[in-house]
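One chain, subunit A, links the two complexes that follow: it is found with subunit B in the first and with subunit C in the second.
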Partner chain A sequence: MESSKKHLKEPLIHITRRTDIPRVKAWCIRLVAIIASLVVCGLVIVLISKYNPIEVYEKMIDGNFGTKRKVLNLLKGTSALLCISLAVTPAFKMKFWNLGAEGQVLIGGLASAACMHYTRLQFGNSISSWQLILLMFATSVVCGMIWGVIPAIFKAVWKTNESLFTLMMNYVAIQLVGFFIAKWVPTGSGVMGVINLDTKCGWLPDVFGEKYMFNVIVVAVLTIVMFIYLRFSKHGYEISVVGESENTARYVGINVKKVIIRTMLISGAICGLAGFLIVSGADHTVTKNLAGGMGFTAIMVSWLAKFEPFMMVFTSAFIIFLQNGSSAIAMKLGLNKSVSDILTGIIIFFIIGCEFFINYKINIRAKQKEAK
Partner chain B sequence: MAIAAIELKNITKRFGKVVANNNVCLSAYKGEILSLLGENGSGKTTLMNMISGIYYPDEGQILIDGNEVVIRSPKDAFDHKIGMIHQHFKLIDVFNSTQNIVLGLEGEKHFSFKAAAKKTVLAVSRIPKNILRFFKSLVKTVKRIPRFPYFVAKFFKSAAKAVCSFFKSPEYAWHCLKTAAKTISEAYQTIMCPGYLKRAEKAVLEISKQYGFDLDPNKKIYEMSVSEKQTVEIIKVLYRGADILILDEPTAVLTPQETQKLFAVLRNMRDDGKAIIIITHKLHEVLSLSDKVAVLRKGEYIGTVNTAETNEAELTEMMVGKKISLNINRSEPKDPVDRLEVKNLCFVDSQGVKKLDNISFTAKSGEILGIAGIAGSGQRELLESIAGLQHVQSGEIIYHNPKTGEEDELCGKSPIKIRELGVRLSFVPEDRLGMGLVGNMDIVDNMMLRSYRKGKSMFLERKKPRNLAERIIKDLEVVTPSAQTPVRKLSGGNVQKVLVGREIASSPTVLMAAYPVRGLDINSSYAIYNLLNQQKESGVAVIFVGEDLDVLIELCDRILVISSGCVTGIVEGRGADKSEIGFMMTKANGGFSDGEQ
Partner chain C sequence: MKKILCAILAVALVLSLAACGGSSKEEAKSGSDFKVGLICLHDENSTYDNNFILALKEVQKELGLEDGQVFIKTNVDESSACYDAAAELVDEGCDIIFADSFGHESYMIQAAQEFPEVQFCHATGTKSQTQNLSNYHNAFAAIYEGRYLAGVAAGMKLNEMIDGGKIKAEEAVIGYVGAFDYAEVVSGMTSFFLGARSICPSATMKVTYTNSWFDIAKEKESALNLINSGCVLISQHADSEGAPKACEEKGVPNVAYNISTISMGPTTALISSKIDWSVYFKLAINAVKDGKDIPTDYCGTMKEGAVKLTELNEAAAAPGTQAKLDEIKAKLENGEIKVFDTKTFTVGGKELTTYTADVVDEGDFKPETEAIEDGVFAESSKRSAPYFDIKYIDGISNL
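This part shows the complex of A and B:
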């Protein structure tokens, strides 16, 4: 190495991989990144509008915590996003690039809506809300499972590319929703109104007298279950082995095909559950936009949290906080919606970007070369 | 003698502490085939990689036609007309051979921008003299480009539009800019490609004809056999005008017929005045093909001899050197009984290459059976077949169960099935972190790999693995911060101790270890030898795949030698002759004669 330096000039900066970084230091880097992102956002705000950045940040916090309704909205969004994130986590941990959470959620939601729609036509008011909810739950989960397992089977048996496959399944799901809405809505407006507005049949009941609380509780339980499943169960262990190295899995005799299919069944089922929660517990209707891109945001949530379910609570809440906050400043300050998207983008960029500094160390060339 | 086409003077290359090449001198002449001979890890490939610009030597000089040159990149090597054909082909599957051959070349011979620019400059300098001639030559140059005016007009039109509309409507300007960029790429494709490829195809065919290759220039790579792919690689470097060709173990993947064909081609090239360096392990090929042989051993240059003046015995001795004593303990096997019997095992991999050909041997309890062979002779496939990781085509693997006294057939069974039969087979694979262990998991979780399935509970039981991990760390003196450290953070020797420790912990009756001391320092190596010896003394049938012949001879009770997937001999470890084993490792095999591809 020494003599090769004679020929090659040492570059000004070079990057080395950190093998070990104390946890405190890693969190310090993250904190610095967030502060830096807020500073940059502040500069952007000053440059493109006349507002005081502090005021904008205040509005952002206000938009999330200002009233009880806003807090509930934050909880509603977080629970939905967290649920989908929990769904994609086992698949991603197995290195199965499931980009189809969006479609799996849609199909789950569609199944729930279909149950509500057809029971209303068939039985009128003779079915109890709980019976209907159970039926919706079961069909949604099964439909999500089916949507998730199709690409898994293709991947396991014929080694097809799962990212393309799952991505394409999204569009099929979207078109299916469009088709059924057109079929169900006689006016041809293409918009499904709130189903069972009068009877509230098939709506998840309020808990603690609040809407959306049922969703929050279900997702909280799910978070704990998923943590235990990934950390302490044999299945979870197999998922990590397959994800880390398929060769090792083969070597110790893990049936890789079985693990892929089983994991995608679980992933799809939870996506279906998310669809059910959104329809039954929040929206009470179905639209093509039901998942609203959360199937993709969930991937980011999951990666940012390094597949740790409890960390995902924070990352998903943070993302929803940014989303709600940015629409609040867009409304309150009359700023363009794009501006708030820019701010969100900057913050997320800094947070993801700082991982680079956690994983790598930047060495700057010493000014004076040591004498040889 | 004439000046050497390429001469290496005192080349030294180190990787950390390891000296891969030490003071190597070598010269190759035009019109000559030089064989580079050496055992595994003797530094042949490293040396050739330095000539072809992949590595940069720490010390020493490279001279081409007597002039010192600096080769920093493969491109530099090409500029000096050096072409290397690697063991692993670097081709794009969906392209045909011509496309692969011209890939990465800029411009073409018939129309190069550089030449055109030169001509233009020349013409401009003559303007005062002959203005007419300037325009004529300019027009002539431009005319050679098909549809040139069309593209120029389109490009300028959209570029102008972009500029005009820039302030009024940035979006439209952006669209125009995109059109302009597209025009350039379109122009590039229509101008450069069709005619260019046709001409290239012609040139490729000419080269094939000249040297006697057999190649369809329009065949896609994925439809090709291994030897056809190799042909493409060779023509690729010839097309680039290489005068010095380096081939890294070209015959390793070929059938005997294909090898003969390749040799005929190489001889044609030699007669055409090219300098050819061929890396190989096979002595008979060296003797039949080359004019000179250079031998490397453990990074040291041993010497160059004229092929006509040497024989296999001399070359083998140069290659393996004198026996070195290592003082590894070896006890007499205690009442050995047959434990694992392999009969007529054949295996063809997914590429259609025959990796194992009619392998038969018996491993006995209480002894270490060594497997010697050049790397890639089928050792890995053999062990993986026994472990149930490969689907073998034919043959039998019979396990004599010491508990029940029954004979179990292992062939065609998955690792789980083998376990369920009660066969206690342990396997230390060559690829430690990619197969034997999971790098990102800690030592405890890696301990569980073999045992996590035990019990009916859905949940993992981490207590026993934790105890096991702590026991292994203590007994084998694994240096680690804790049992919760990811194994990838451990050093090579410690990783291996963890792996071997786990495999031994399941008290096997058969223990297979592939290159267990590769990359380990002396102390760790001896620790591993001791572990293997302990296993042997407790009655385990140990199968040890090694690369260092001195170690094999001192450690093993019997040594099985394989060459190109065939058994070429079984010798007693005690009193074994190094050259004899070396000779068997490089011997040609009879079993390959029916080379169907």
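This part shows the complex of A and C:
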């Protein structure tokens, strides 16, 4: 092999892995990617509409920071996405491909909504909001855990494929939500509507006089806890080892089955918590689209942040910024929402794509190349 | 170290976000400050939403409102997204906000509770009478009159097919693609069927549901299923181009809803019934401008132009249809014909003499109001949103 290599013509382009790129350089690449994506978006805007791209970007920023409510909406979205991202992180760090966060959040949300619906029927006004909130919290977390641990047990004991299993659990959750809404709302267009609109029972209270702040605080605390858990606890270390190599983990005496099941219990519980926060703290209802794809977006958030909880604050905020900005463009400029989705797509494409240039180096033939 | 840096940045981000807020709308209102918002479940690709959007644009022109005074939010789900959209429109300074989909209702009420200075008008909803909110209103129109009239055009077409020997009298089966099986859809299909049967007595109807307001593939598939099971004419209460296009493909006549579908089916689209929302938009917007009250629950009629038929497609319709439509329309307007006259239909082989309908919506789904008055099912007179939910009168069946 080696001798024949010398006779072969070196390829025009070949790619080598980088391991020691300086942080500054990495961030420069990301910055260039964002600028490049904005330029491409600008071209698209000019090509398909009569608007000035700068004006469109202004509207995007305005759509996130223009009013207090827009800022609150940004915080609301970010806290929900961040919570789900924190939930999937331990599992992904363990290389357990949990594609079921969507379903785990949904089942948590359904559990909360069910508590609200049935306590209203059973107890009317005789249950206090805090009692109901605690009940919703506990039920949601337990339901999320159950939804997460089922595929984990199958994986740990029978080596089933967790990606498919968790993915399929999503559809079961969606159908369950559809079933219960049809049961609770026998006529109409399959919409649950706001629950306890009159009594506000089971609604998380405003904090600092603002809506959604309860969610923000809970998720902020969770971020710190998750950071400590992954970085400084024995569990966190075990997760890393199992993620690197199951055989190594076994060799050093880690009970891999136990770690898988325990981690998915945690992952599911946090997803359940996210479902609870969305229902109790923001939406006050359940729909089939409660998680709105965040269970999948969270995976991207987590990977982009390299599983670092504090970095996820930024990645999740950025994704929500793009989403909210998009819908603002759609309304303000009368562009179809698909246009703004295209722009979001282009920006995310560049950001994910630039990770390639951070992790790999492109070598062109003309340059001198080291032998080894 | 870098963790600490990240943590500091994270906190800084949250603080900066909080700092950016604070400015809310508290501006003086003058004529040019007047703003209108509309929340739509889908966008212009949905016939239903397009009907609202076109009507609002027409009213905008008529009342001389600038583009910056009219905000249309499209693709707003029947979820908390509707509340968010309403709240955002309030922040934009809207004085009156409309929402177009049945499932938007509780979110509109939530917004109405929170923003008492803004008027919220919800189309097709049922709860304004029970909410006791002075700034929350429902609106609908007597669309059953329009559906009945569109049914007349369908009946003429069926007769033409029978007379031409294309089908036998007993093969005059209509197919109906419904979205959901609740009162709004059931009332519409029944009035359409009664209109068709008033012209073609042998007509029967098969119904199928898509469980979605807008699903091109499902609507198309449902229409094709109906055609394959022997239906010779299709109508629908679902919002996409699915059914009209399926009909054009198969050469089966179609009667549509909301907008004219002649461009989708030049040889098969007969006519559409529609609510002309510009009538209500004008009424409500002018009321707010003049500081007057908007009706709590408004029901437009055919007489005042709130219910209409679109242009008849002469290329597809049976000869003499327009004359017949004019005749029946006059009779509907002067009350000579009542759509839900209990003498014209039976339920389980019997004439309907009494029926308790769920008119007062207290969220209990329990019927409480007698709906038969003087031999007529008094549709939309006790509440604008339909409450005729009898599944089904004789002649209509599930596919």
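Structural remarks
Please note the rule applied: the second predicted complex is superposed on the first by the 358 of 372 C-alpha atoms of A that agree within 3 Å, B and C clash if a C-alpha of one lies under 4 Å from a C-alpha of the other, contacts with A are read in each partner's own complex, and residues count from 1 in each chain.
Going forward, a contact is a pair of C-beta atoms (placed from the backbone, for glycine too) under 8 Å apart; a residue touches a chain by one contact, two chains touch by 3 or more.
Model, not experiment: these values are computed from the prediction.
When both complexes are superposed on subunit A, subunit B and subunit C sit side by side without a clash. Vectors from the Cα centre of subunit A to those of subunit B and subunit C enclose 130° in the overlay, to the nearest 10. In the superposition on chain A, contact is made by A:Lys234 with subunit B only, not with subunit C. Once the two complexes are laid over each other on the shared chain, residue contacts for A:Val71 go to subunit C alone; subunit B is not touched. When both complexes are overlaid on chain A, the residue A:Gly190 reaches subunit C alone and has no touch with subunit B. Touch criterion met: A:Tyr251 reaches subunit B, while subunit C stays clear of it.
Ranked by how many residues of subunit A each touches, subunit B and subunit C are led by C. Applying the stated contact rule after C-alpha superposition, one finds that A:Val172 touches neither subunit B nor subunit C. Taking all C-alpha atoms of subunit B against all those of subunit C in the superposed arrangement, the shortest distance found is 12 Å. On the subunit A side of its complex with subunit B, the touching residues are 1-4, 7-8, 19-20, 232-237, 240-241, 244-245, 247-248, 250-253, 255.
Partner subunit A is touched in their complex by these residues of subunit C: 2-3, 6-7, 9-10, 13-14, 17-18, 20-25, 43-44, 67, 71-75, 77-80, 83-84, 87-88, 91, 101-103, 105-107, 109-110, 113, 179-180, 182-183, 211, 213, 358, 365, 389. Only residues 14, 56, 58-59, 70, 72, 387-389, 414-416, 419, 427, 429, 431, 434-441, 445, 448-450, 452-453, 457-460, 489 of subunit B touch subunit A when the two sit together in their complex. Put simply, subunit A touches subunit C in their complex at residues 23, 65-75, 185-191, 193-194, 197, 216, 220, 223, 227, 231, 282-285, 287, 289-290, 308, 310-311, 313-314, 317, 330-331, 334, 336-337.
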